[in-house]
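You will see two complexes here that share chain A, one where it goes with chain B and one where it goes with chain C.
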Partner chain A sequence: MKVTFPHMGSLAIPMKALLEEAGLEVVLPPPTSKRTLTLGSRHAPEFACLPLKINLGNYLEALELGADTIIMAGGVGPCRFGYYGQVQREILRSLGKDCDFLIFEPPAGDFKGLASTCRRLFAGCRPAGILRGAKIAWAKARAVDKLWQVSLWARPREVERGRTSKIIRKLYHKLDQACEMKRIRRIVREGIEELKSQAKGEPKAHIALVGEIYVVLDPFSNQYIEERLGEMGVEVSRTIYLSQWIVHHLVLPTFRLHRPNRSLGLASGYLNYAVGGHGLETVANTVLAARRRFDGVVQLAPFTCMPEIVAASILPRVSKGEGISVLTLFLDEHTGEAGLVTRLEAFVDMLLRQQRQRRQGHGILSWA
Partner chain B sequence: MKLGIPRALLYYDHAPLWSTLLEGLGFELVISPPTNKAILDLGVNRAPDEACLPVKICYGHLAALEEKVDALFLPRMVSERPKTFFCPKLMGLPDMVRPELAAELFSPLVDLRRGKRELIRQLSDTLDRGQRQVREALGFAERSLNRFLKKMQEEKLTPLEALAGRSLRRKASQRQIGLLGHPYLLYDSFLNMGLISFLEERGFFPLTAQMLPPQQIQRCAEKLPKKLFWSMEAEIMGSAIAFLEEQVMGIIHISSFACGPDAMIGELISLRAKQSGTPLLELNLDEQTGQAGLQTRLEAFLDMLQRRCPA
Partner chain C sequence: MGYYLGLDVGSVSTNFVLLDKEGKVVWDLYLRTEGRPLVAIEKGLGELAKENPKVLGAGTTGSGRKLAGVLIGADVIKNEITAHAVAALALVPSVQTVLEIGGQDSKLIILRDGVVTDFAMNTVCAAGTGSFLDHQAARLGVPIEEFGKLALKAKEEVRIAGRCAVFAESDMIHKQQMGYPTEEIVAGLCSALVRNYLNNVGKGKELLPTVVFQGGVAANLGMRRAFEKALGTKVVVPEYYSVMGAVGAALLAKEEVANTGRSKFKGMNVANWENEAGSFECPHCPNQCEIVEIKQEGKVIARWGDRCGRWSNVEVAV
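Moving on, here comes the complex of A and B:
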């Protein structure tokens, strides 16, 4: 059995650790590329969301490399993610791809389905290996997030353009190779040091990144927006992280727990219902960003994403009501790099202009 | 009090339910006219660009009503059955439209996963009527909804025909064409440019999910390895499989440009149609869809069906 799974940002680092520690052979899809996207879009429904298309491209490329078993998460709606696996499985079958497609459904009160999927995947694995794998995977997931967070802080302050991105790539590579808890901890400790030590300047502006989870977490799908903004001197705060996603989507539902919804309170008056995906969080985090005096918010959403369309149609009002500038970017396979960069630059210019005006405004006030 | 109901979205599914309920509670109802160019333009103007056509149309109907009524009625539709949902856009719609409106908006939460008690409480709160009174009116309303559904199914009528009290029973024929899509696209003859009468004029017999027994649709929908969690898509998918069972001549699937849920089942339907060798025409509607283009595609499709089985 050669197992593969779709990429989502750095998900491969913890996932591979889990599966390999458990004793499975893993075939990673090649890093997501233009080719992946082209392959996926060619065979996916035109109006499917971007993540579904990229997933499909990942599978096809992994199958080329000899993978024969795909694993994927399921879901209970209302957003499309919960049905991705079903559609992807049928598409692969119609393309004549012969493979096992295991979908891990969150057990809504019924553990049988999940248990049997687990048995199929881990048949022949030693429980101790699985446990160890889970522990290391969790540590790696947290490490990935921690380092990323520091890199977002460091990049707009870096002395040498591009240095932060180089360091983080190297650190992720090391993390990927590490297989002991002690080593993981050391990589994080030293990594933070290294990232921080090369950061001297001050960021020009502070932007919060909100939106649909996949395109927020996956730099390929968002055209490396965090790097681009960082290198324009903008500090980016991300509201969603992988380890948090694991807790919210895989761990809590398994035990039928729900995340406490702080967002409802924040978004209240603008959006009064959780509309699936991260729609409500997008609105809530935009409000929060305004209260925390960020300079602006960038909303990332796949084209045709229902929850984010709801959010996007409400954000202009949040922007006015809370006094914060918002840029919404809908992404799909036709999104061009040049157009995106132009829009980002224009947005950042506007934020800087607003900053100056605010400062001057204060100046005049204190003068009078 | 004058209450406006937009002739949009789930109107085509639930019209008698809400009108019976609201009239029973003493509201005077104003229903927006059938979609027309002015309503479309109003909607396109007000709605965000990314919204799908049916949502834009709903903005238009609300706008057409707002000056004529004291309040507008647009429930927050979340779920009509356990473990199912409506499209997330319908869940968020009241919040999307509210700030633009000149009239007050009543949008009770309809989430039947939480049971009917909760629905009654919601209705009673938003409409400012006693729970007893609401429960009673709701009972009547449900019965009238059921009569409406049964009439459509038994006499093979469209919702508008059933509402108008048409009693002409459509005769089943060999030349059946299965129509798939959300009722707000299938039955809004402005949006689909008179699809149903067009088919009938050419001597075809349109069959829709509303004309099939619900048990059959449900049984067919359960053939999927995983149940669909959108009730409307489950109905469309189930009727697609039923149409294939019934060996219709061909299937037409109308969806809105960039519709999220439809994109998922569209693929499953087209794979199944291909397997069974049933011709399938997929039509995507948006505000730019031109009558000429649509008709050409339809004509070509019907000609092809005609050639396959000249009857």
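Moving on, here comes the complex of A and C:
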């Protein structure tokens, strides 16, 4: 059995560790590229969202490399993602691809389905290996997120442009290679030090990044928006991290511990119930960003994403009510940068102007 | 006497303006980009050289702003939103809403107390922009310059779908076959495009007067009237509506030079220099970035298009 799974940001680092420690052979899809996108869009329904297309491209490229078993997450609720696994499985079947497709459905009160999928995947694996894998994977997931968070802090402060991105790429490579807890901890400790030591300046503005989880976590699909904003001197706070998502959506529900997410209550008055995906989180996090005195919010969403469309239509009211600027970006197959760069530059320009106006009072018309 | 040069390199048109020290437009030029920005920029520089102005500072904007900027040595390279807002504010200080419709895109800028507070650009569809109007005018056999005037002649207007250019076109064909007069179809089309703009770009925004309408499409009298009808307020079209981006770029250059004290503009010689743009696909990773390389007088002056900085960070002659 040669196992593969779709990319989503740096998911591959912890995921590969889990599967390999358990004793499975992993075939990673090549990093998501324009070729992936082309392959995926060719075979996906035209109206499907970007994540489905990229997933499909990832599978096709992994199958070329000899993978024969695909792991995919399932889902419940109003977001279409819930049936993407099944749709993708059928598409691959109609293309004549011979592979196993394991879909991990969230345990909505019933563990039988999840347990049997796990048994199929880990059949023949030693329990000790699986446990060790889970431990290392969890450590790597947290390490990846911690380092990313520090890089978002460091990038707008970096002295040499592009340095932070270089460091983070190197650190991720090291993390990927590491297979001992001690080594992982050291990489994080030294990595934080290295990222911080090259950062001297002050950021021009603070922007919170909200939106749909896949496009927020995956730099290829959001056209490296965090890097772009960081290099414009903007400190970005991302509101979704993989490790935090795992705790909230996998670990806690499994142990029947539903810690109510207090920040979601912030959306009340604007949106009072879940609309699927991260729609409610998007609204709540925008309110939170305003209360924390961020300069602006960027909402990321795949084109045709229903939960984010609902959120996007509510955000103008939040923007007005809470006094915060919001830029909504719908992402799709286009890889041309000009449109995105123009919008980001204009948005940052606007925030800086507003900042200056707040500081200096009204009526000063300097644009430089 | 010195002047400030503004350059707006858009998808459909490439515009040049010269402002005097008071910020008044003294010379302007509107060229078709025709998909070859480099050629259009060179042509414009050639025309400019005939005027032989003393340029104190230069700014570029538009989707080709980076290319234009490295070619001439611009003091500011600014996005279109900021440039258009600056120009509208300078000419109409009371402006609170800027409607800008160009060749391929449309924008909406909201200002309060002289500061941009919100903006939007069309995201998914180019219906209603200049190239669509061009196309429809050609199909109806009406010169684009007459297109808007024709709409004013209509007593009634027929209903045309506005959401999508394909729907609009099939509606128009149907109404033509039914025998409606051309002017009523044109008037209907203008209303449909305005409806589309307000629903799409203007969604959720508060459009308060003074409303300024600029960009190439502002020439269209039918579109002006349709906006006035939909918004219930007068729409101001500035004298240099078609080159407002370039005006903004020149104003920004003026400010920048006032701050830095000197200009990076390469001088009017630039009009005689040989420029060349090439591209290649980087073979170093599966991303296959397309690298653009700009040469001036045989020397590489800029490269871009790579994600990792392998090419764009390499020292190039300036």
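The criterion applied here is as follows: the second predicted complex is superposed on the first by the 349 of 368 C-alpha atoms of A that agree within 3 Å, B and C clash if a C-alpha of one lies under 4 Å from a C-alpha of the other, contacts with A are read in each partner's own complex, and residues count from 1 in each chain.
Throughout what follows, a contact is a pair of C-beta atoms (placed from the backbone, for glycine too) under 8 Å apart; a residue touches a chain by one contact, two chains touch by 3 or more.
These numbers were taken from a predicted model, which means no experiment stands behind them.
**Student:** Where does A:122 make contact in the superposed view: on chain B (first), on chain C (second), on both, or on neither?
**Tutor:** neither
**Student:** Have a look at where A:270 lands relative to chain B and chain C in the superposition and call it first, second, both or neither.
**Tutor:** The answer is first: A:270 touches chain B but not chain C.
**Student:** Tell me the contact category for A:101 with respect to chain B and chain C: first, second, both or neither.
**Tutor:** Touch partners of A:101: none, neither chain B nor chain C.
**Student:** More residues of chain A are touched by which partner: chain B or chain C?
**Tutor:** B
**Student:** Quick check on the superposed pair: does A:330 touch chain B, chain C, both, or neither? Answer first, second, both or neither.
**Tutor:** both
**Student:** Touch test for A:45: chain B only (first), chain C only (second), both, or neither?
**Tutor:** In the superposed model, A:45 contacts chain B only, not chain C.
**Student:** With both complexes superposed on chain A, which partner does A:87 reach: first (chain B), second (chain C), both or neither?
**Tutor:** first
**Student:** Mind working out whether A:313 is in touch with chain B, chain C, both or neither, as first, second, both or neither?
**Tutor:** It touches chain B and chain C both.
**Student:** What is the contact status of A:357 with respect to chain B (first) and chain C (second): first, second, both, or neither?
**Tutor:** second
**Student:** Looking at A:303, would you say it contacts chain B, chain C, both, or neither? Reply first, second, both or neither.
**Tutor:** After superposing on A, A:303 lies in contact with both chain B and chain C.
**Student:** Quick check on my understanding: which residues of chain A belong to both its chain B contact set and its chain C contact set?
**Tutor:** Looking at chain A, the two contact sets intersect at 303, 313, 317, 330.
**Student:** Could you list, by residue number, the parts of chain B that touch chain A in their complex?
**Tutor:** Residues 47-48, 50-51, 76, 78, 83-89, 91-96, 99, 109, 224-226, 228-230, 257-264, 266-268, 271.
**Student:** For the complex, give me every residue of chain C touching chain A.
**Tutor:** Within the complex, chain C contacts chain A at residues 63, 76, 78-82, 86, 89, 113-119, 121, 123-124, 203-205, 251-252, 255-256, 258-259, 285-288, 307, 309, 313.
**Student:** Across the complex, what residues on chain A touch chain B?
**Tutor:** Chain A reaches chain B through residues 44-49, 74, 76-80, 82-83, 86-87, 90-91, 94, 103, 105, 108, 270-273, 275-277, 279, 303-307, 309-314, 317, 330.
**Student:** Per the contact definition, I'd like the list of chain A residues that touch chain C in the complex.
**Tutor:** Of all residues in chain A, those touching chain C are 30-31, 33-35, 162, 165, 224, 303, 313, 316-317, 319, 325, 330, 338-339, 341-343, 345-347, 349-350, 353-354, 357, 362-363, 365-368.
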